[in-house]
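Okay, here's the structure, questions in a sec.
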C-alpha cells in the first residue's frame, strides 16, 4: 500500500485552480459594448473539454488492454481486467452520447453569436479522438483517401506526425487477431471440428433457401430478386470462410479485416461461449461490438446535430459537416468482422460436440 | 370531476389478466424433449409488445396535437398542451432507444434458438409504427417506390387498406404548414421585413465566401473544390427562398416539403423566437426536430442491431435488414425543412428590427 | 457580430495542453517497484474533474438566470432564456447521474489501491457544489447545525469565507419569491379569486374525507389512524394558506420557505398555467422541481455508492459517508414548496373562472 | 431446431388485438359532456402496464437463475447464463427508471382529472412487484410489521395467499447463501487462510485509527465523537466476522442476512476475484448489488414523484405515499451484505497468498 504523504486538499488534488481556468470564451476576450459575450460559448467549450477529458480516460483504459495483449501470452487472470475496462469504455461512450442532447439546448441562433470567432477550428482536429480510432484499428488503409486528406490537412505538422507514428504500432484489432491466431483448440490433431461444422451449415443454408422459395409466391419481382441475391451472398460468405484464396480477396477488397485463422477461432469462441474458458473472451467480443456501435451511433447523431446547427452551411473548419459525418459513421467500423460472425452461427442444438480432451482443457481443474 | 364508480382494484383497472396472457412463445407451444422452450423468446416478445404499447401512447398524443391543428384557429392557450405532448413523445422515444440495448443482451446464438419459428413475421409489419410515420408526414410520395412495395407487400390486405386510408388525411406536417401559411405578421402592409433580411444575408454570405478564400492556401484541391461547391449551394438555397419558381423546383425534387410561404413564416419564428408569442411555437419546432432525430437515430441503431444478430443473413421477413434500415434512416426524415432553417439564420445583433406595431401584437396585454 | 481575430486551432481554443495536464495521480507520483501506479486513480480524478467542469457550467447558467431575476422587472421576452437555461441544468444533472455508474466500474478493491493517499480530501470539499446549493437557496438556516459544522470544518479559511459571503446575496429561491410577490393578477380590485377558490377546496376536502370513511371498514387500526391523521394535516395545510399567522409558524418551523403572498401567487400560476402568460412561468416551476429532484436523487445514489465502496468504513475525509449522504438527500430540498403546491390544486373543471379583465391581460395583443 | 409451423404474422405472433385492447381509461367509460375523457389517463395506464410487462420479464429471468441455483450443483458453464440474465435485469431496471420522467410529463393538474376514479387502487397492489421482492429475498421477517399489514391489507385474498405461498420457497438470497456455504476452497486442510487474513486486517484497522487520531485536532467535538464511534463499529464488524455468536446476534437484529460461512466465502470471492474461477461469481455479486441499488433508487425516485403529484394529499390507495416510499427505499435492501463486504477488503498488495494447491483448482486445465 502506498504510504500517505501528508494531508491532501480536494482542490489541490484535482488541480482545480488550473483546471477551471481553461474555459476562456473568445467572445468574452473580444467583447465590446456592441458585441457582448455570447452566453453559450461557455457551454460549447465545456462540452468539448469534457469530451477530451473522457477521451483521455478511454485512452488510459485502451492502452492498458493493449498492453495486456502485447505480451506473448495473455494470462487467464487478466481477462477480468480486460472485460472491466472495455465495459467501462462502453459506459463512458453511452454517457458521451447524452452530451449531444445537452449541446442541442444551444439553439442555432445562439451558436451564431460566436461561431465566426472559431474559424477554422473544428472538432475534426481532436487528436485524442483520432488516437482512439487508430488504436482501436482504423488506419490509413481503412480510411478512404479523401477522408485521410480531409483530416490530416487540418492538423499542425506536429499533430500529424504524432498520429502517423501511431499507425505504425499494432492496434487492438491487430493484437486481438494475433491472440486469436495463437488459440490452440481447433487445431487439435484428431478434432475434425470444421468438417462437422461444414455439414451443419450446409443443412442450415438449405433451410434458408427453402424459406425463401416457400415465400416466393407472395413477393414482388424486385423483392424476389433481392432475396435470391442475398442468399447467393450468404453462400459465398460461408465458402469464403474455408477458402484461403477467397478469404484473401475479401480482405483485399476491404470487406474483412481479420485473417482466416483468427476469423475461424473467433467463430469457435462465439459458438462455444458456454464453455468456462470461452465465456470471458466472448464477453470481450460483446464489449468490442458495443464500442463499435457506440462510436458509430455517436458519429451519426453528431451528423444530425451538425445539420441542425448549420443547415447546409459549411462548418467552422470548412467542412460540409453533416454529410461528411454520416458517411464516416458507416465507413469507420472497426470490429465489423465480429458483427459478421453471426452469419456463421448455428443453433446450439445443432452444434457439433467438442471432443472430451478439448472440452476438459476449456474447464476448471476443481 | 368524474364521480367515483365504486372500488377499483389495480389488477382489474389494468386488465392484467388478459394483458399478461399475451406473451406466448412459439418455442414453448412447440416444445418437445429435443427442442425445449427458447428462454429468450419471452424477451423478444416483451420488447416488441412494449414497443407497440408505447406506439399506442405516441399515437394518442400525436392525434390530440393533430386535432388541435385541424381546427380553423389554434388558440393561444393550446400551445402549452402541444409542447407538453410533443415533449412527452421525445421522452418516450429516448427511452425506447434503450430497448435496443436490452434486446442485445440476447446473443445471436440465443436468437437462433427460435428464429426459424417466426418466419416470415417481421417488425416491418408494425402497422402502428407505419401509422406514426404517415401521421407525422411520411407518405407514399416521400417514400421511394421500392420502399413502398417492400412494406406494403408484407401486410395483410386489411392492414394495407388501413394504412392507405391514413395517407389521405392531412399529416401533422401538412397541418402545421397550413397553420404557418395563415400566420399574419410578415405580411403587414408597411413591414418590408424580407427586404431588410435580404440585405443582411447578402452581407453574411459575403463573409462566408471571404472565410473560404482566406483559407484556400491551406487546402487540398479536393477540399477547395468541395468548399466552393458548398458555397454555391448555400447561395442557391438563399435564392430559392424568395424565388417562387426555384422553390417549387426544390419541392418537386423532393428536397423540401414546406410551401414557400410556410417556410418563410417558419424562418420568422426561428429568427424572433425571443418575442413572447413566438417562444412556444419555437419550442414546438425544437420538439419536432427532436422527434425526427430520435426516430432517425432509432432506425440507424436498429440497423446496427440487425447486423449484429444476423450478420449478412436475411431477416425473418426476408429482408436484408440492416442495409435496408440504414438507408431508411437517412431517407425517412419528416421535418428536414426545420433543420435546414439554420441555413438562413443570422446573428441576433444583425437581425432587422421588427416595427413596433408588429412587435406589440407579439406581446402580452399586461 | 464579433470580428474574426485570426485562425484558431482546436487544441489552443480549448487550452488542451494545460487542461489535459491536470490529471496527476498521486499513486503515479509516489509509485515504486512494490507499489505501482493504481490504474483506476485516473478514473477517480477524471470523474471528479468532469463533475467540477459541469458544476462550472451549471453556475454559469444559474448566474445568468439570477441576473435576470435581480432586475426590478423581468421582461416577458426573457422567459425563453430562463426556461432554456434551467432545462439545460436538468439535462446536465441527468447526465451527471450516469457518472456514478461509471465510477462503479471501479471495484472496492481497485479503490483500496490508492484510497489511503487521498486522506483527508473529500468530495464534501467541492466549493462549486456548495456554491450551487447556496445559490439555489440552501443556506445556513436551512442546514442543520451538525451539517454546517461538518462541511465548514473541512474547508480552508479562504474557501469558508467565500461560501459565507455567498450566503448574504439573494438566492434564486429568494429572487423568485420576490418576483412572485410582485405579481399583480390576484390582487385586482374586484377579483375575489381566493374566496371562490376556498369554496372549491372545501368541497374537495369533503370528498377526500368521504373517500377515507367509505374505505374504513377494510382498514386495519394502524392504517385507519394514519389516514385520519393525514386528512387532518391536509386540512391544516389548507387553513395555513390563508392564515398569515399559521403560515408564519410553518415557515418558522422550517417546513415552508416561501412567503404567504409568494405561495398564493405560485398557486395561481399552477392552477391557470393554460393562460398564455402563465405557461412559461409554469415551465419554470417544472424545471425547478426537476432540478431539486435530480440533486436529491444524485445525493441518494451517491450514498449507495459510498456504501458499496466502503461498507461501514469511514470516508477519506473522516465521514461515515453513506449515512450522512442519505440524510442530506432528504434534508437539502430547495423547492419543496413547489412540490407541495399539489396539495392545493383542484381539477380544471372545478376551477373558478378568471374575470375577463384579468384574463385579457394574461393573453397576447394579436 | 424447432420446425417452422407455417407462416407467422407479426400482429398475431404478438397477440396485438388483445394486447392493445387492454388500455381502457375509466374517464372514457364514464365520460359525459361535462366530464370529457381525461387525456392523460391513457399515459397513466400505459406506464403501469409497461411496468407490469417488464416485471414479467424480470420474473422470467429471475426464475431461470433460481432454477440453476436450486440444483445440488451449479455447473461452471451455467455462470455465463447467470451473469447474462442478471445483467439483463439491471439494464431493464435502468430503463424503468426513465418511466418516472415520462410520467412526470403529466402535471399534477392533469392527474387530478381522473384521480378520483381510481380509488382505492394503488401501485402497492402490484403482485408481480411483490413477487420479485420476495423471490429476491425480502420476506415477512425482513419487512416491518406496519409495512406488512399495509400491503397485505390492500390485496384480495387470492393475491394475498399467492404471495404468502411464495415466502415459503427459498429466495435467490437463500439459494446463493447455500451455494456459498458449499464452496470448498477456504476449508482446505492446510490452508490457514483466515488466520493470515486476520493479521492483515489488524494492521489495516490500526492504520485507520491512526488516520483519525492524526486529524483529531482539526475536528469539532461532534465530529470527533462520530468518527470514534465509527471506528468502534468497524472493529466490532470485523470481530463479528469470526465470532459465531456475535455473527448470530447481528443476524437476529436484522442487520445481516447471510450465514457466517456464506459471508466468509463471499469475502473470499471478493478478495480473489482475479482468479479465473472466481471472476464470474464476482460479476454475479456486482450484478446483485446493481439490482439492489436500482430498486432502491427507483423506490426513492418514486417517492419524489408521489410528492410532486400529490403534495401532502393521501394516495388513491389511502397511503401517504411519499413518506412511506422513502422509508421503504431504505428498509427494503436485499443484498446489503454484499455492499458491506467492502468493510472487510484489503488492498491487493496486502492479500495473503493462496496456497498453490488451492490456486490450481481455481484455474483452467489448459
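Letters A, B, C and D mark the chains as written, and numbering starts fresh at 1 in each.
The rule is simple: a residue touches a chain if its C-beta (ideal position, glycine included) is under 8 Å from a C-beta of that chain, and two chains touch if they have at least 3 such contacts.
All values derive from a computational prediction rather than experimental measurement.
Asks: Quick check on the contact graph: shortest path length from subunit B to subunit C, in steps?
Replies: Step count on the best path from subunit B to subunit C: 1.
Asks: Considering only mean CA positions as chain centres, point out the chain farthest from subunit A.
Replies: Computed centres place C farthest from subunit A.
Asks: Quick one: report the Å distance separating subunit A from subunit B, using the average Cα coordinate of each chain.
Replies: Roughly 28 Å, centre to centre.
Asks: Using the average of all C-alpha atoms in each chain as its centre, how far is it in Å between subunit A and subunit D?
Replies: Between these chains, centre-to-centre, one finds 33 Å.
Asks: On a C-alpha centroid basis, what's the spacing between subunit B and subunit D, in Å?
Replies: Centre-to-centre distance between subunit B and subunit D: 38 Å.
Asks: Among the residues of subunit D, which ones contact at least 2 other chains?
Replies: Within subunit D, the residues that touch at least two other chains are 1, 4, 7, 35, 107, 112-113, 116, 119-120, 211, 215, 273, 282, 347, 349.
Asks: Given which chains touch which, is the overall layout a line, a ring, a star, complete, or other?
Replies: Basically all the chains touch each other, so complete.
Asks: If we count contacts the way the header does, which residues on subunit A are in touch with subunit B in the complex?
Replies: 34-35, 104, 107-109, 112-113, 116, 119-120, 146, 149-150, 153, 207-208, 211-212, 215, 218-220, 222-223, 226-227, 230-231, 233-234, 237, 270-271, 273, 286, 289-290, 293, 296-297, 300-301, 304, 307-314, 318, 320, 326, 329-330, 339-349
Asks: For a test of understanding, state which residues of subunit D touch subunit A in their complex under the given definition.
Replies: 1, 4, 7, 76-77, 79-81, 184, 211, 215, 273-277, 279-280, 282, 347, 349-350, 360-366
Asks: Touching subunit B in the complex: which residues of subunit D?
Replies: These residues of subunit D touch subunit B: 1-5, 7-11, 13-16, 18-24, 26-27, 30, 35, 38-39, 42-43, 45-46, 48-50, 52-54, 56-57, 60-61, 64, 84, 87-88, 91-92, 94-95, 98-99, 101-102, 105, 107, 112-114, 116-123, 125-128, 156, 159.
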